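Let me give you the structure first, and then I'll get to my questions.
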Amino acid sequence: MEKWANMKLSWQWFHRLGSPRWFYQKTSAWLPWLGAAALLLLAVGCTWGLGFAPQDAKQGNSYRIIYIHVPAAFLALAGYYIMAICGAIGLIWKMKLSFVVMRAAAPIGAVLTFVALLTGAVWGKPTWGTYWVWDARITSMLILLFLYLGVMALSGAFSRELSGDKASALLALVGTVNIPIIYKSVDWWFTLHQPATLKLTQASTIDPSMFYPLITMIAGFYLFYAWVLILHTRGLILQREWRTQWVRELLGQSAPAAKA
Amino acid sequence: MASELSKSPVPDAQSVREQSLAVSGLACERDGRLLFEGLEFTLAPGAAVQVEGANGAGKSTLIRTLIGSASDFTGTIAWQGLAFPRGLAAMRASLLYIGHYAGVRRGLTPLENLAWYGAGQDDAMRALELVGLYGFEDVLCQQLSAGQNRRVALARLYLPDSPPLWILDEPLAALDVTGVAGLETQMNCHLRRGGSVLLTSHQPVNIAPLQRVNLADFSPRMAVEEELHRAV
Amino acid sequence: MQFQFENFASFLAMNGHGPYVWFSYGVTIAVMAALVLVPVLRQRQMREAFRRQLRQEQARRRSEIARAASETAAAD
Amino acid sequence: MQSESVGDGRKRIAEPVLRPAVPAAAPGFFTLFRTELTLAVRRRSDIVNPLLFFVTVLALMPIGIGPEPEMLSRMAAGLIWVMALLSTLLSQESLFRSDYEDGSLEQLALQSQPLYFPVLAKVLVHWLVTGVPLAVLSPLLGMMLNLGQAGYWPLLLSLVLGTASLSLIGAVGAALTVALRRPGLLLALIIMPLYVPVLIFGTGTVQAALDGYGYGPQLAILGAILAAAAALAPLAAAGAIRISLEN
């Protein structure tokens, strides 16, 4: 009980240590390089996937949407876990910085989930003739989107920032516990109502020439996610710390400090 | 009706003397605004502390920090020499807290409320009589007025076996003259029995020995707003 | 590994599946661009708001000094 | 041993009577449960409203969808389950609200006893007061919606087990939003996705029975979800209460 009480009620208060400021300064140097690497990978992956990868025997060229649908779906799920982990760190060690990262991760994850859903729906049209297909993977993705929206709505509902952070961190944690259960039960539900033809979940066996562009695109998306997450976190840090001295100096660099 | 108050074993002097709440270098912040810093006081058994300050000076935030409801503070709060958070569990075990909200369930009667706080039937009846709620023991609290509900909460102070540390947020608010007098008598009696009281109040309270702590004396040396002006 | 389409036109058409593919790529690129630009624009907005606040602060202070000076002048 | 008169002149023997710092007699689980039950019974409207909502909405369904018995019977199980889920959600909001407003939630949090037990007691009472009546009422509505003959008993069983999990999971949402002014829709938005597994296996139980298979496995999974929820949800709700009290 002793250790648990000590860890749970750890009174460290990082706000004073200026860790958001340390994060801002540390990332200023190499952020552009990260962005350049991400864009480069994405460009290579796109041209490779769109132009040079061979056609798919059954689906023709419409399968090329896989090069954005699958990475976006990966990132949507990974993004939720990243958000929940940051929330957990914030809850346990009372780190304000990790709450800021969590707040930044929520909209990015939601947007990527939406992209995955949209591209999945558009891909469904040429393949099965309908935009919306109650396929297991797409249904779970839809529920993941609602989980994201729930976390964002809750974090915005509190007047005090800190309470909003903690509450949405707890909801994200409860969400992560439920995601595997939701995915499994939706898969079970889907196989129960299995109309014979729908088979999006098992992509056709992918041969190397199609697989390598997919890997580059996935890597590109991960780098892009890291880049955008840091960008959004830095933006939120400035918003939250606007009262402090270092932010004012940063923002008001060129303003002549007229002494009263 | 000589009520027998000393049902429980008499604690030895050592454990009573040690039950003190020591606050040093305490700084609290709310919504990014530093309320006070460097707060210093010690609440020894048998003594009382009255926390004063303008509205919004941070009295309620201080109280919530002392009972462990708010956790973003720097400085140390120690109960029986044990700093938070380890000391918090021990402190809560010997705490009687009456906050801004009375803590009285509106769906229950005063008797049931006091029973829920662990009081026997006759102790509760006597306590309710002392706070002037004779005859209202079985009326649902939702039918009682706000003042009466507050008195049901204050009746907890009249129960025997009361915890040694009392932390009361604005106890004298919405009390009439006789209510205030009765409460002050009971607090003096509690202090004489070796208990300690920490309360916030705007009006003077004649209980002794009383240490008055004014939050204005501990306002942050350089308020954040001034920092803003200095940068301009 | 060579270019799959004879010319640029058939690359756009992708024998019938072009609209679907280009629509989803277009939306994705637009969304990713938005993800990058939003924080940058927001920071620029904050900078301007801070500058405006700075100027108002100085203007108010100058008017205060001017008023104080005129009051002292009137008082003598 | 000096004695002095107090207030209205009665003698009182005052001597050091402070008991050592032993935890205050925290109310045991049974007293918590009994108090919550008396509170719930006294607030009659909290019991009747969800039931009325459940019945009236289901009565409107055939008017909206059309009275063809064949179509209704195919949709009966799903409709009844979704409406049970919604009416549990409707009554979820008031779980902690009254205790938060009169300060007793804060007193509960100050007890040296973990918050797990009071939360469990509250959820148990909420389930008894809303979940079980829903389940008992469901066969009547099954008849109205022309549910197949084999479906009545599994519907009742799945609702009894399912509404318990719904109450437990909903308690986390209720605790997260208790400090907000109008938590209604937000509570639904954050909790609805977490209800999906319970809904799937709930309707799955009835569907399996209607198709003639045994509904044992689905019911077992519902029980497993309930066991997990009973173990974890009150912990999350307790954490959420402490966060809301800091607001």
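Order of writing sets the chain letters: A, B, C and D. Residues in each chain are counted from 1.
One rule holds in what follows: a contact is a pair of C-beta atoms (placed from the backbone, for glycine too) under 8 Å apart; a residue touches a chain by one contact, two chains touch by 3 or more.
Remember, it's a predicted structure, so these values are computed and weren't measured experimentally.
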- line: Contact tally winner between B-D and A-C is B-D
Task: With chain centres defined as mean CA positions, report which chain is farthest from chain A.
output: B
- prompt: Taking each chain's centre as the mean of its CA atoms, how far is chain B from chain C in angstrom?
  reply: 52
Field: Distance between chain centroids, defined by C-alpha means - chain C, chain D (Å)
entry: 47
Statement: So, in whole Å, the Cα centroid of chain B is separated from that of chain D by 34
Query: Distance-wise, how many Å sit between the C-alpha centres of chain A and chain C, to the nearest whole number?
result: 22
- line: Note: chain B residues in touch with at least two other chains are 68, 71, 89, 229, 232
Message: Please output the residue numbers of chain A that touch at least 2 other chains, ranges allowed.
response: 160, 162, 248, 252, 258, 260
Statement: By the touch definition above, chain D meets two or more other chains at residues 246
- prompt: Okay, in this complex, where on chain A does chain C touch?
  reply: 35, 42, 46, 50-55, 60-62, 64-65, 68-69, 72, 108, 111, 114-115, 118-119, 122-123, 125-126, 209, 224, 227-228, 231-232, 234-235, 238-239, 242, 248, 251-252, 255, 258, 260
- line: Residue set of chain B touching chain D in the complex reads 1-11, 15-16, 19, 64, 67-71, 80, 89-90, 92-97, 99-108, 112, 116-118, 130, 140, 160-161, 163-164, 181-182, 185-186, 189, 192-195
Message: Using the touch definition from the top, list the residues of chain C that touch chain A in their complex.
response: 1-5, 11, 14-18, 20-21, 23-25, 27-28, 31-32, 34-36, 38-40, 42-43, 46-47, 50-51, 54, 58, 61, 65
- prompt: What residues of chain A sit close enough to touch chain D in their complex?
  reply: 91, 143, 146-147, 149-151, 153-154, 157-160, 162-163, 166-167, 170-171, 173-175, 177-178, 181-182, 185-186, 188-189, 192
- prompt: For the complex, which residues does chain A have touching chain B?
  reply: 2, 5-6, 8-11, 13, 15-16, 94, 160-162, 243, 245, 248-249, 252, 257-258, 260
